[in-house]
């Protein structure tokens, strides 16, 4: 699949009911479980875009708003927003639906970088993201910053 | 929430990557795991429609087409298609996305009946489904047959 | 293993304690979890009869009686009741034992069709069920109807 | 439930298919997973005998024979063999059924001591085991030794 | 527990064997599973420092080095490095031990912010971290930057 | 790796938060779950010592003290204490940290025997444990008794 192939991104939706195995002893979902769901949903968006298996290269900072409770529903929406030669930046939004009403609250957003790989684990080229709307352009720029921050972290870590 | 309240149904989407815990020793997903995902996604569609907790009352027959493999993606779409006083019929469609390409194959369909309940477990009235499109009317009629078949099973079982 | 080999069926028993990972936020077991247990126990009955790996081809309708609670015990009993060239119909009965007393309540029954497969996934012939008791003959007839209903569903679905 | 109530023990059977979540990276079931299944099945036998919740007080030594593989079936049989005022000794036998044939191999045996408890966690009296067969008497004597060994361990540990 | 109480931090160690339920279909651990382990180990370090339950407020960016394989061992080390009135910054280091040799490779580092809470979910004061070594001072400064970056993200998000 | 290679043992530490999936319906951890954690932690200590995969050969008797509750933390410490040609005895200590305070209570101790294996499942020689401290010598002697008891059980079982 050549890198100059242009392709639109498909949004992947994932819904989860917060059940006892996802929660701690005080009835709220673990932050780590939320991060796992964001990674899993993001990986599916990247796999569907690349048509290949992917591995997670990095996760940008995530801030948790008010806690999600046992019995709530979660909706995750993931979409590729930026592409490089073998990597993709995926935005994942998480919404909370308190079960007693159907109102959907924005809960948190994460940006993950995935690398497409061949079956023997080597990086593989991905299509280039086709930008259609204004939002596509706005998020491409955010994706650029995500990549830039990751690069700065590599330099900072080498200095440690 | 009075029964004469009319309400449109929201489709709930759920995506899953088929990973080792979902598969048997020959690398295909368990039929039972598929049924569990259909029940869980259907329950969320019913909960969002009723604005209440729900319990599964019955699952209509399900036929599995060709096996879903480790590494495939699954997409489930669930929607309330029929309502009675305290119960809802939910249709759940399951699609398979073989990971090497982005083609979506219809895999199987299930119809589940859920009952809305109060926090102490008693049945609770649900809104009446608002029918908008021709499809809504077609699936309402299917929902009627699902309920009719469930009634016939109760009579048949009482005869056993 | 030739198809004209006659073989009696062995009943497979499975017991489960209903613990938090199996239940929802209101303390009752998920319908989907029950279906998964029925499929798993049924698959073991089919594997022991066929002496081969199996895949689930279909599950007939299941009706859930009163909810099973956290702390209850479940007993499942599965047995092959009908055989064709490569497929088996398995009956699975689920009983509930409320933990405070030893009384066993019938909870629900399911009929599943399994197909025996070779290690590369192709259908494989199974022995023919040997009918010994009156009950064996009664359930063979029920198995015939299960297969007949599955055939009617295939025709109905092709019409959709 | 008075201690002088005599009661026969019911054997609890549990069947499990060895699937990827139960196995390590070399395709054999974890010893710890086997111990967990033995404890769980034993607990159900004790709960059914006592008609109460139970907690595990001790597990006698267990020796594992040849490894159980992915795709094998396991059958566990648990039965109360000895009772004291609030405690029960349960014998749990584990058999392995290699999936390609229906032969059942004895794999290992464990003896567990369970204590019946009230809902607030205090020990509660259990019925006295009714001994009917020669085997019942033989295993009662083994149960005595299990309790004796546990008592010796307490003395030995206090000396450490 | 007054905020002016000075307390040294205890390092919490967690070891995990990478088994099939943690890995994807290509035999490497999920990034999301790694994040979950980091959050869980970090939460235990925060709980032991605060003597209270905690919730995750944010996770700073994490970069994954070369993939961790099925059969590898993971070692996580978590320690509180900074405290404010009700929140703690925890550093979590993850090491990989390829199972064929005992060499320990640094794999990735994460910084999480946890908030101590009362049983009804309100923030609760935590002791102040006692700084003893040069490293304690170095990491306190890093903790300051972690908090500063979280504050900047809140401003940035409000602008979106 | 020749048997006459002398090697010191490394202690492996594992920490777990007791969450709903680990507990029964009365909020205490399952004895079987504790045994599973002890086996898993012990296996990692044996793998790190042998530099090879291992299988569990036996578990010596374990006595559970007062129950561990939902929300408690567990700390396990495992170390090889005795070696033979292909087998190792591992001591595993389990401590409980009630979450409201940082006090660590000794909860139970187990001794497990592991055998190192090649990738095709055959036993493989392990290094000989280097004894450095008085405690090393004391626990080597205990390891001898563990092995002796296992040998006596084999004779006893053959007599049954």
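Going by the order they are written in, the chains are A, B, C, D, E and F; count residues from 1 in each one.
Keep this in mind: a residue touches a chain if its C-beta (ideal position, glycine included) is under 8 Å from a C-beta of that chain, and two chains touch if they have at least 3 such contacts.
From a predicted model like this one, the values you see are computed outputs, not experimental measurements.
Common partners of subunit A and subunit C, by the touch rule above, are B, F.
Both subunit C and subunit F are touched by A, D.
Repeated interface, listed pairs E-F, C-F or A-B, reference A-C: C-F, with more than half of the contact pairs matching by residue number. Taking each chain's centre as the mean of its CA atoms, A is the chain most distant from subunit D.
Set side by side, the interfaces C-D and B-D show unequal numbers of C-beta pairs in contact, with more at C-D.
Comparing the residue numbers each copy contributes, subunit A and subunit E share more than half of them at their mutual interface.
Look at the CA centroids: the one farthest from the centroid of subunit B belongs to F. The centroid of the Cα atoms in subunit C and the matching centroid in subunit E are 46 Å apart. Rounded to whole angstrom, the centroid-to-centroid distance between subunit D and subunit F, based on C-alpha atoms, equals 20 Å. Of all residues in subunit F, those that touch two or more other chains are 17, 20-21, 24-26, 30, 40, 43, 53, 71. Pairs of chains that satisfy the touch definition comprise A-B, A-C, A-E, A-F, B-C, B-D, B-E, C-D, C-F, D-E, D-F, E-F. The residues of subunit B lying in touch with subunit D in their complex are 20-21, 23-26.
By the touch criterion stated above, subunit A contacts subunit B in their complex at residues 10, 12-17, 40-41, 43-44, 47-48, 51-53, 71, 73, 97, 99-102. Listing the residues of subunit D that touch subunit B in their complex gives 17-21, 70-71. Partner subunit F is touched in their complex by these residues of subunit D: 24-26, 28, 30-33, 35-40, 43, 53, 55-64, 67, 112, 117, 119, 121, 149-150, 153-154, 157.
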